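Each chain gets a letter, A, B, C and D, in the order it is written, and its residues are counted from 1.
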Amino acid sequence: MNIGFIGLGNMGAPMAANLLKAGQAVVVCDINAAAVDAAVALGAVAAASPQEVAAQCSLVFTVLPTPKHVRQVYTGAQGIMDGAAPGTFLVDCSTVDPQTARELIATASARGLRMADAPISGGTIGAKAGTLTFMVGAEAELFARLEPVLRHMGKNIIDCGGPGNGQVVKICNNLLLAISMTATSEAMSLGVNLGVDPHVLASAINSSSGRCWSSDTYNPWPGVSPDAPASHGYVGGGSIETVLKDVTFAVDAAHAAKQPLMLGAATQQLYQMHANSGWGTKDFSSIIQLYRKD
Amino acid sequence: MNIGFIGLGNMGAPMAANLLKAGQAVVVCDINAAAVDAAVALGAVAAASPQEVAAQCSLVFTVLPTPKHVRQVYTGAQGIMDGAAPGTFLVDCSTVDPQTARELIATASARGLRMADAPISGGTIGAKAGTLTFMVGAEAELFARLEPVLRHMGKNIIDCGGPGNGQVVKICNNLLLAISMTATSEAMSLGVNLGVDPHVLASAINSSSGRCWSSDTYNPWPGVSPDAPASHGYVGGGSIETVLKDVTFAVDAAHAAKQPLMLGAATQQLYQMHANSGWGTKDFSSIIQLYRKD
Amino acid sequence: MNIGFIGLGNMGAPMAANLLKAGQAVVVCDINAAAVDAAVALGAVAAASPQEVAAQCSLVFTVLPTPKHVRQVYTGAQGIMDGAAPGTFLVDCSTVDPQTARELIATASARGLRMADAPISGGTIGAKAGTLTFMVGAEAELFARLEPVLRHMGKNIIDCGGPGNGQVVKICNNLLLAISMTATSEAMSLGVNLGVDPHVLASAINSSSGRCWSSDTYNPWPGVSPDAPASHGYVGGGSIETVLKDVTFAVDAAHAAKQPLMLGAATQQLYQMHANSGWGTKDFSSIIQLYRKD
Amino acid sequence: MNIGFIGLGNMGAPMAANLLKAGQAVVVCDINAAAVDAAVALGAVAAASPQEVAAQCSLVFTVLPTPKHVRQVYTGAQGIMDGAAPGTFLVDCSTVDPQTARELIATASARGLRMADAPISGGTIGAKAGTLTFMVGAEAELFARLEPVLRHMGKNIIDCGGPGNGQVVKICNNLLLAISMTATSEAMSLGVNLGVDPHVLASAINSSSGRCWSSDTYNPWPGVSPDAPASHGYVGGGSIETVLKDVTFAVDAAHAAKQPLMLGAATQQLYQMHANSGWGTKDFSSIIQLYRKD
C-alpha cells in the first residue's frame, strides 16, 4: 500500500520522514521542489500533482497552511478528488474551519471516497520526534484503520467522534488555550505588580484551582517555566499570528452556530492588537507584554 | 499557650473544632451565641469580645465575611488591637482586599504586634476534613511559627512571601479561576453546539494545552466531572456571588495598581449578569448557563 | 433610457415604485412572482432573469438580502454580467461586506461595465416616503450621473469617495450605532437603577457630551422617545438580527484589515446573546433588556 | 448674604472670580496660599478653615479634586459641618461617587443643614467664561434657590431631581461619553483603514444614525473637528486620567448597584491601558491611538 503525502512544510516534511522511517512507501507532492527533493532523498517517490498522488495511493495525507490551499488541493484542477479511486482514504491534517472540513468530507463521500480530519498539535519539535497529538474526526471503522498509521507520526491519537469533529475539538482546545494564556498573563502581571515573586505566585496557583497548562507548563513570565519560550525571548512555539488564526476559526464558527463567545471575542482582539505592535511572529505567550507595566 | 479564634461561621466553626481535636486550648468569640455554645461544647472557652480573646491568647485567628467586619474586629471598639499584648501573633484567614490586609498589618506592627494574612481555599468540606489550603503572607520567622498550627486545619500551607501576599495570591488564583471557568464554558458550549460529545471534548482538552482545573476537575458541563457541582444541579461549591466578590477584589486592586485586566473585567460583568438572572447562590460553574443554547 | 430593478422585497418594491412615480421606465425582476406583478401593475415591465434586465437597460439597481444573493445575481448563470452591454451602469444598493463589493466592482470594470455600491439606510418607512439615505461609493463622474436618479428614491445622497466606500461607510456607521445603542442602554439602566428619572436623565445627557442619536432620537428606554420602537414594544425599526449582521460585516472586515475592534467585538457577542434569548426579530434598541434589572 | 467658596484650583478659582464679578460677597479658603491671595486681590475675604468659611456664610460651594478631599473638608477637623449654622446651604460641585454624595447629604440633613450636589462640566474654558453646565441634585425648593446663583458661573443649569442625582447624571453622561469616544475611534480607524477619507467618513456618520458628540463636535481624528484637541496634538480638554476616574466612578457605582456594564468595564480597561502607554495627561480623544495602524 502506497501512502500519499501532500504538503512538505515545517510540519509535513518531518511527518513524511517519520512514515518513511517506519518503512512505509510514500508518494509526495509539494510546490516547493527542494522539499520534494529532500523527501525523495529519504526514499519517497515524487508525483507531479495531487491528482497523481491520489491515483497511486490508497491513503493520502494532506498538511497545508490554510483552508484555501486545502480546497484547492482537494477540489481544484489536478486535485485529489479527480485522481482518487473509490474507496481511497483521505486524511486532512491541516487546521481549517469545521465548516470547510465538513463540506469537503461530504464532497468526498458523494464521490465514494472516505475522508477524515485529523488536525495536529505539538509543533515542529513534536513533528520531528514523532510525538504529535492527532485530533481525529472519523467514522469508527476509519479511525480504527488510521490509528496504527498515525502512530508512526504521533503519540496521542484522540478519537473525537464523527467527521469534522477533529477540527471542532482543535478549535475548542485552542480557544480555551488562547484565553487561558491571556488570563494567566493578567493574573501573573497583577500578582507581581502587587509585590509577589513570580515563582512563588506560579507555584501557589499551580497547586490551586487556577492551575492550567499556561500556568504550570508554559508560563508566560520569563524564568518560571525554564523550557518555555517565555524563558527564551519568546522565540519558538506557536506564534501570536497562528493563535490569532485559530481563535478566529473558533469565533467565526461560533458566529455561524449563533454561539456567543464573550471572552473568545475579546481575546481575538487582544491578539490582533498585540500582533500590530510587532509581536506577530513571536510565541503566543508574549501576550503578557500587553499587560506588564515594568 | 491559648489560641484565640474569632468568627465561627461555616468555615470558622469546623476550623476551630479541628484545633480543639488537636488538643489545643482555644478561646472563641462570635456574635452568634449558638455558634459559641457549639464550640464550648467541644471544649472551647468563650470570651465576650475580640479584645478579651486577644487579652488571653498569644496567637489569634480570625475568619470573617468581609473587609468591613475584619476592620471592625481588629480596630473597632473592644477590638483585638485593644486587647493584644505586644508580641501577640494575629492571623487573618478572611478573604479581604490586599490593601486592607496591608494596612491592618502595618497598624499591628506599629503597636508591637505581629500579623499575617492567611486566606483559605477548599470550602466547607475542606474546613471539616482539615484539608484546607492556606495562602500565607508573613515574615519568614512568623511563617515558621504558624505552619505547625495551620497543619491542624489544612494540608497545603503555601508561603507566599511577605505580609499581604497571601491575599494577593488568593485573588490572583481566583481571578484566573473565574476566567478559566468562563473560558471552559465557552469552549464546551461551542464544541457541543458543533456536534462533539461533551465527554469526548473534555477528554481531548484535558490531554492537550487547553487543560485546566475547570476542565479536568470541576467541568461545568453536567456529567463530565461526576463529583463536581455541575453534575449535581450546581449545588454546593463556591457560589456565583462568592466568585463575583473575589473577582471584584482583583479588579479593584488592579485598578488601584493601574494594572489593566481586560478579561478579568469582562468576567466580573458576566458573573454579575448571571447573578442577576437568579443564579447568585448556585455554584460558580453554572456560568455555563449564560452560554448554553440547548 | 430604461432603468433595471432587481430585488423587489420590503425595501426594493417601494423604491422601484418611486422610480415609476417619477416617470421612469423600469424593467423589474424578482423570484417572487407576486412582487413582480405588483410592480407591473404600477407600470413596470417584467423580465425573466437578471441577464434580461441588464440587456434592456443602461442603468441597473439591485437590492438583495445577502452577499451570496448579490454574487449570484451579478455573476451567476443568467446574471447581470452576462447581459449587460459595455458602458452599462450597475448600482448595488444591498448591504454587503466591502470586500465582496470591491471584488464585484473590479469584475464589472474588467468587462467594461461601470459599477457603484450604494447601500441605504432609512428603513421601509424611508423607502416608501422616498427619504432614504444612500451612501454611494463611485467614481466622481459616475456619482454625478447617479445622483439625480437616486433623488427619486432618497433625500440624503452621500458621496463616500471611490468604489466600495459606500459599504465601508455604512458598516462604520452601523458599527458605531450598535455600540452607541448598547452604551446608551448601559448609561440609562445605571442612572435609573441609581434613582434618576429616565426622562430627566436622557434630557441631561442630550444637552451634554454623552449625546448621540441613540439617546436623543431613538432612546431605548420606553417613553423617552415617543415615536421610537422602544415606546411601542420594540416593534418595527431595524431588528437585532439585522444589526448583528451589520456588526458582523464590520468585525469581519476589520479582522481582514488587521484592525482591532475591542468594543465592536464585545457588542457583536452581546447582540448574539440577546438574539438567543428570543429577541432576534425585535427592534435593536431592545438590547437594553440585557441590562435592565427592574 | 456671604457666599463661601472652598477649593480654588483650576476650576474653582475662575468660578469664584465670576461670583465676585457678579457683585457677590465671597469668603474663600484653600490650602494653596497663592490661590487665596489671588482671590483676595479680586475682592474675596480669606478664612482660615472650612469651619470658618461656613460660620460666616449662608451658602457654601466646594470644588475639590477627590471624594477623600470632599469628606475631609465637610466632616474632618475644622470642617464645614462643624461651622455651619442650621439652615445653611451647602453645594458640592466636585465630582464624587454617588454613594459618597448621598452619605454626606444625609449627614448634613441630620445636622439641620441643606446640601445639594452640583458637579460641573465644561472645563477650565467654561469656568472662566461662565458657561459651565451644572448637573444639580437637590430638593425642588433648594434648586430654585440655587439656580440664580449658579447662573453667575454657568449657562446650563440642569435639574436632575433629588439629592445625589447630579452625581448620578454626571457619571452616566461621562460613561456614555467615554464609550462613544472609543466607539468613534474604532469606527474612524476602521473606515480610514479600509480606504475612506476621514472627513468624508465623519460627515456621513454625522448625518446618519451613528452621529454622536464624539463624532460631530470632538472627533478624535486629527483635522476633522478643527477646534477639538485631536486637531492640536491632543492637548487640552479632559485628560485620559480624568475620564478614567469618571468611568471608574460609574463602574464602581454600577457594581454596588448590581448593574452589569459590559462596555463600560471594557472601556475602563482600555483607558487604563492607554494611560500606561504614556498618554495619561493627554486629551481623552487620544484613545484613538490604541487603534490607529498608520
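The working rule: a residue touches a chain if its C-beta (ideal position, glycine included) is under 8 Å from a C-beta of that chain, and two chains touch if they have at least 3 such contacts.
Here's who's who by UniProt: A, B, C, D = 3-hydroxyisobutyrate dehydrogenase.
Just so we're clear, the structure is a prediction, and the values are computed from it rather than from any experiment.
Path length between chain B and chain D in the chain contact graph, taken as the least number of steps between touching chains: 1. Set side by side, the interfaces A-B and A-D show unequal numbers of C-beta pairs in contact, with more at A-B. In this assembly, B is the chain whose CA centroid lies farthest from the centroid of chain C. Chain A and chain B have Cα centroids lying 39 Å from one another. Averaged C-alpha coordinates put the centre of chain A at 52 Å from the centre of chain D. Along chain A, residues 258-262, 266, 270, 273, 276, 293 each make contact with two or more other chains. In the complex of the two chains, the chain B residues touching chain A come out as 98, 121, 133, 135, 156, 158-162, 164-165, 168-169, 171-177, 179-180, 182-184, 186-191, 193-197, 200-201, 203-205, 207-215, 217-218, 250, 253-254, 257-264, 266-267, 270, 291, 293. Considering their complex, residues 262, 266, 273, 276, 290, 293 of chain D touch chain A.
Partner chain D is touched in their complex by these residues of chain B: 248, 252, 255, 258-262, 265-266, 268-270, 272-273, 275-276.
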